[in-house]
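Take a look at the structures listed below.
Each of the two complexes below includes chain A, the first together with chain B, the second together with chain C.
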Partner chain A sequence: MADVALGETPPSIPRRNLPSASRSDRRFKWLLVAPAALLILAISIYPLIFSIWVLFVNYDFQIPGHAFVGLKNFEQVVSDPVARYSLLVTVVLTVSNVLIELLLGLAVAMVMARSFRGRGLIISILIVPLFISPVVVGQAWALLLQRPFGPTNYLLGQLLGQEVTIGWLTQFPYNFIALVLADVWQWTPFMFVILLAGLTAIPPHVYEAAELDGVGAWQTFWHITIPYISPMILLAVTFRLLDAIRLFDTIFIMTGGGPGTQTYTASFYLYTIGFAQFHLSRATAGSWIFLILTLLVIIFLVRRLLKPEAN
Partner chain B sequence: MAAWTRRRRIPVSRIVVLTLFLIFVLAPLYWVFVTSIKPSDDYLAVPPVWFPDHPTMVHFTAALFDYRGLQGLVNSLIISISATALSCLVGTLMAYSLARFNTGGQHLSFWVLSQRFLPPIAIILPLFLNYRLIGLQDTHIGMILAYTVFTLPVGVWMMYAYFRQMPRSLEEAALVDGCTRWGAMWSVGIPLAAPGIVAAAVFIFIACWTEFFFALVLTSRNAFTLPTVFRSFLSFQGAQYGEASALAIVSLVPSIILGVLVQKHLVRGLTLGAIRG
Partner chain C sequence: MAEVKIKRLHKRYGNFEAVRGIDLDIPDGEFTVLVGPSGCGKSTLLRTIAGLEQISGGEIQIGGDVVNDMRPRDRDVAMVFQDYALYPHMTVGKNIGFGLKARKMPPAEIASRVSGAAQMLGITSLMDRYPRQISGGQRQRVAIGRAIVRNPRLFLFDEPLSNLDAQLRDEMRGEIKRLHQEISTTMIYVTHDQIEAMTLADRIVLMRDGVIEQEGAPLDLFERPATMFVAGFLGSPKMTFLPGRLARGGDGAAIVLGEGSTTVPLPADRALDGIGDGAPVVLGVRPEHVMRAREDAAMPGHVRMQATIDLLQPTGSRSYATFRIAGTPIVAELEAHDVSRPGEAIEVDLNLNRAALFDAATERAI
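Presenting the complex of A and B:
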């Protein structure tokens, strides 16, 4: 059985009278939670709170003392055309990556839904990209595409019957295609695995009934398959979207943000101003803007995900 | 869908889709593998050398010893294993409490989940500044702590889902027999959840093993991990194809083997327990 259970309240099993006192129970349950909660507070929450102070000063390793600068850090980010451009690149790349991964993942899941000989082996092969570091994925695609070493231009040349000299990592729009290829290669299996779990959970009698009624294949797909797996689609797309907007690793390895700032994503932009130019306060201000934008997306998506009528 | 149509033969269109997709998945892996054993003279041959006549291991030794791949490998092992152990330990305790006592209601569990979706760039700057202040920058401890926290949502939510589908009755029987809460958890609850803990541990290990961004910012000469070694191949244009490929093989083989081993838990792992595959 595959069913979406995120946000479902635990089944209320009537508790029998337990011998242990309820007060020690209460201490016990918080004691178990404490180490993990303290770690999150120390490594994730405290730095975030600390950074609120960094936002309004000029934090610089070279200059002793941190002068209060008010909203200047925000102004510098908001007025930077590269910042706005990188946000646009993030949105465009995120939407195209997730959309292609969804459609391709669904197609492959449909093909794999019926059992046949060798299906288990093929599934094991298809999920391999999920276990590889994005840096390695970027490196692998760079090797495949890079001029003059990669075989891609040669194969395209053979196919088209003329010499092909595309600079896949340096030339617009091929650099974007290369980045999408690497992302689609790595994350289509994510969609595939989740949607396959959804497809195989559809009870066969539903299809049998449709067949008896003479419903066509497309009709069956739109009116039976899609509604059945829509909770899985929503969940898979939510998880992917929230990871896709962080896109950084493949950019770092494949294009380095270039040429110029052409393939800057929001994460890459913030990394560059923070850790290459050491404008720490400005980068922090940018991070907060990005965090708040992300939170808006999270609230919008996770709310829908948690709606009980999603199925 | 298995019983949907009774036809035994798979339509040709399906075979075509599947074959093309398999080629797409395998091509980069094959090319990386071939490049890692290819003599440097074969790099720029036209047409490309699809399989070298004289396979060589020189790129592996060069990547490990000349480019400090070995130190990255050792650091990655130390950091990933320690972070996995720590994350599993505190994550399981928290998950047990959430599942059995509904501690903190939905707020606490969703607070943990929300950590999974925080963009790393938002945390990394302040974390970097704090690590510098307290001397954790470029240390193994610093990386282990960072990776523990960054994998906690996966561990907690996978184990939370696992404990919730486990019957309470055995632990309650142990309590009736005079066990303490602590004893019932350690000697009954957690041993019964061992398969779930192992699966969670593997996913956490893979997450640490493949992570790049935190390592890039928080380490430099001392605690750098395997993925960050790939930076060495960026500055020199061209000559290090073999070394980069060899290092890629070193990095991807362990995590692929582990991942395929826990394949049946994959859907739970990817969706943090939200979908039971």
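Presenting the complex of A and C:
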């Protein structure tokens, strides 16, 4: 019985002595949370709920009134060939960007995992692109590639010994190569940093044991290095994928979606429909479709990420 | 099956010389323990034999082949690491067989060798588990299994028991000894633990500052240490060193301890080649060579003295009692009930027949 008494809350006498203090305490903690809660409510929850209403009505700056239109907004998006094409471009660009960044990042990390003179300096230089705004990166690459004033064609011409007149920002497939180039330049360091952390955490004795076991370099890479860093690879790919899917900045700066709608990504398409043509209800419907498609990818990756190590 | 010959081996890291000219012959089938304090070069020596470290000078032969420039994988040696170094993404069975698979052995042969090794080590029931699902002692068994399936000509152990708790360490120590008796392949074992060295070794190589201080059979080193360092390193509790001066008189030699308050006569048959009267010496007494006086008079070669116990550490079977001789604390290993409490004054006999005597200047045995 004595044990039970010890576990109970202390008698309520002290609390009765301070009724006003405890009540204002309780009010104070709500006060502290209120700004954040209101902010989320105002800029996140409210627009989300509002957007559900917008999905089913006419909300277009060119057509007055908000008449109920049923699923017409969805129909318009689904039947728009540009919408479907922009989704394809998004997939192609995302996959090629992330894949190239992963392979390049892994290669650089493997080199940098060894210790040599000047390693710290080289690593510092390598991660500089991460600190630059994507808009600036797009602008810089646009300047480098721009015809006829950018130096790229001139340098290629010198190298090949003949005049090069590639329209890097306007000509298929070079415009896509340019977009991938800018993205890879900026985001490979991200992969590199995460994978380097993974590689340096592998205990050296495991490699030595493999060496004595007679395990070849290729087998060591596949059976020891890759399994060791696979959680890091998954993490890096997840983060990069979520970011790459909503590619917008470099498109806006470098190609403006052009020529025509050739380099439209999903984000760029939705921006054009919503904020250039002001078909807001259509853009909202498109956003919801895009959100659901993205969610499928996210759920798959996050599940894998959260799964405890396979038994 | 191979003997190991090491000639004038040097290993430098920049300006630091970890191994400074070692000569060592290890006969085929012998269990050799490299022992010494941290930083004495014992692990470095082992790693150069494995080929994990390039040597800076000298020669290493394994089974008659000079292996100086041979890759680790071609040396046909297996190594067990302190942190086990298992492949975490493979089951126990795959861990043990991975080296054989890498060497393109037929799967049936791999399976039979793996199960043979597992049986020998009593880990058959763990074959489908992952390293993180088994205990430290089991992991070390797997690491040993990975070494023995390869049937190498030489086993190397780098402090394999240091990560285990005391009880498991005792158990695994016995297993490693039994393993050596069963497969009788040459084994080189590195440890800083003198008990492991004493219990496992056919031969102990005691290292200090990159050179061999003394090598030989465990009891040889224990009973006839060449230097004060060896004498102090082997044995627990440590040997007590009592500084003094040699006094050579007509009726035999004696040692005047400390400031001259205590004189202990040496046994008559004690050889004292070339040590003059008044020379500074150090008398080394092991705890087990001090006992409580029981007879009326001390036996030949024993010295009786009064002792007031400062500190008492019972272990159950024996008790370690600390008292002072001429100001120097000395540990005695007494019977469990010889002393009941600190502060007690008793008579003890020092057995000088088995005491060690060192030159104080060179720290070498006389």
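Just so we're on the same page, the second predicted complex is superposed on the first by the 265 of 311 C-alpha atoms of A that agree within 3 Å, B and C clash if a C-alpha of one lies under 4 Å from a C-alpha of the other, contacts with A are read in each partner's own complex, and residues count from 1 in each chain.
Criterion: a residue touches a chain if its C-beta (ideal position, glycine included) is under 8 Å from a C-beta of that chain, and two chains touch if they have at least 3 such contacts.
All values reported here derive from a predicted model rather than from experimental measurement.
In the overlay built on the shared chain, the residue A:Val91 is in contact with neither chain B nor chain C. Which of chain B and chain C touches more residues of chain A: that partner is B.
By the touch criterion defined above, A:Val82 reaches neither chain B nor chain C. Legend: residue contacts after superposition of the two complexes on their common chain; A:Ile43 is shown touching chain B, with no touch to chain C.
In the superposed pair of complexes, A:Ile166 makes contact with neither chain B nor chain C.
In the superposition on chain A, A:Ala197 makes contact with chain B only, while chain C stays out of contact range.
Legend: residue contacts after superposition of the two complexes on their common chain; A:His223 is shown touching chain C, with no touch to chain B.
Legend: residue contacts after superposition of the two complexes on their common chain; A:Ser287 is shown touching chain B, with no touch to chain C. By the touch criterion stated above, A:Glu208 is placed in contact with chain B and with chain C alike.
In the superposition on chain A, the residues of chain A touched by chain B in one structure and by chain C in the other are 208, 211. Of all residues in chain C, those touching chain A in their complex are 50-52, 71-73, 75, 77-79, 81-83, 85-90, 98-99, 102-103, 130, 132-133, 143, 146, 150.
Contacts from chain A toward chain B in the complex involve residues 1-7, 9-11, 13, 16, 18-20, 24-25, 28-30, 32-33, 35-37, 39-40, 42-44, 46-48, 50-51, 54, 59, 104, 107-108, 111-116, 122-137, 139-141, 143-144, 148-151, 154, 185, 189-190, 193-194, 197-200, 202, 204, 207-208, 211, 232, 235-236, 239, 242, 245-246, 248-249, 252-253, 256, 266-267, 270-271, 274-275, 280, 283-284, 287-288, 290-291, 294, 298. Those residues of chain A whose C-beta lies close enough to touch chain C in the complex are 203, 205-206, 208-216, 219, 223-224, 227-228, 309, 311. Against chain A, in their complex, chain B makes its touches with residues 1-5, 10, 14, 17-18, 21-22, 24-29, 31-32, 35, 43-44, 46-48, 89-91, 93-94, 96-104, 106, 108, 110, 112, 114-115, 117-123, 125-130, 145-146, 148-149, 152, 156, 161, 164, 168, 172, 175-176, 178, 180-182, 185, 206, 209-213, 216-217, 226-227, 230, 233-234, 238, 241, 244-245, 248, 251-252, 255-256, 258-260, 263, 266-267, 270-277.
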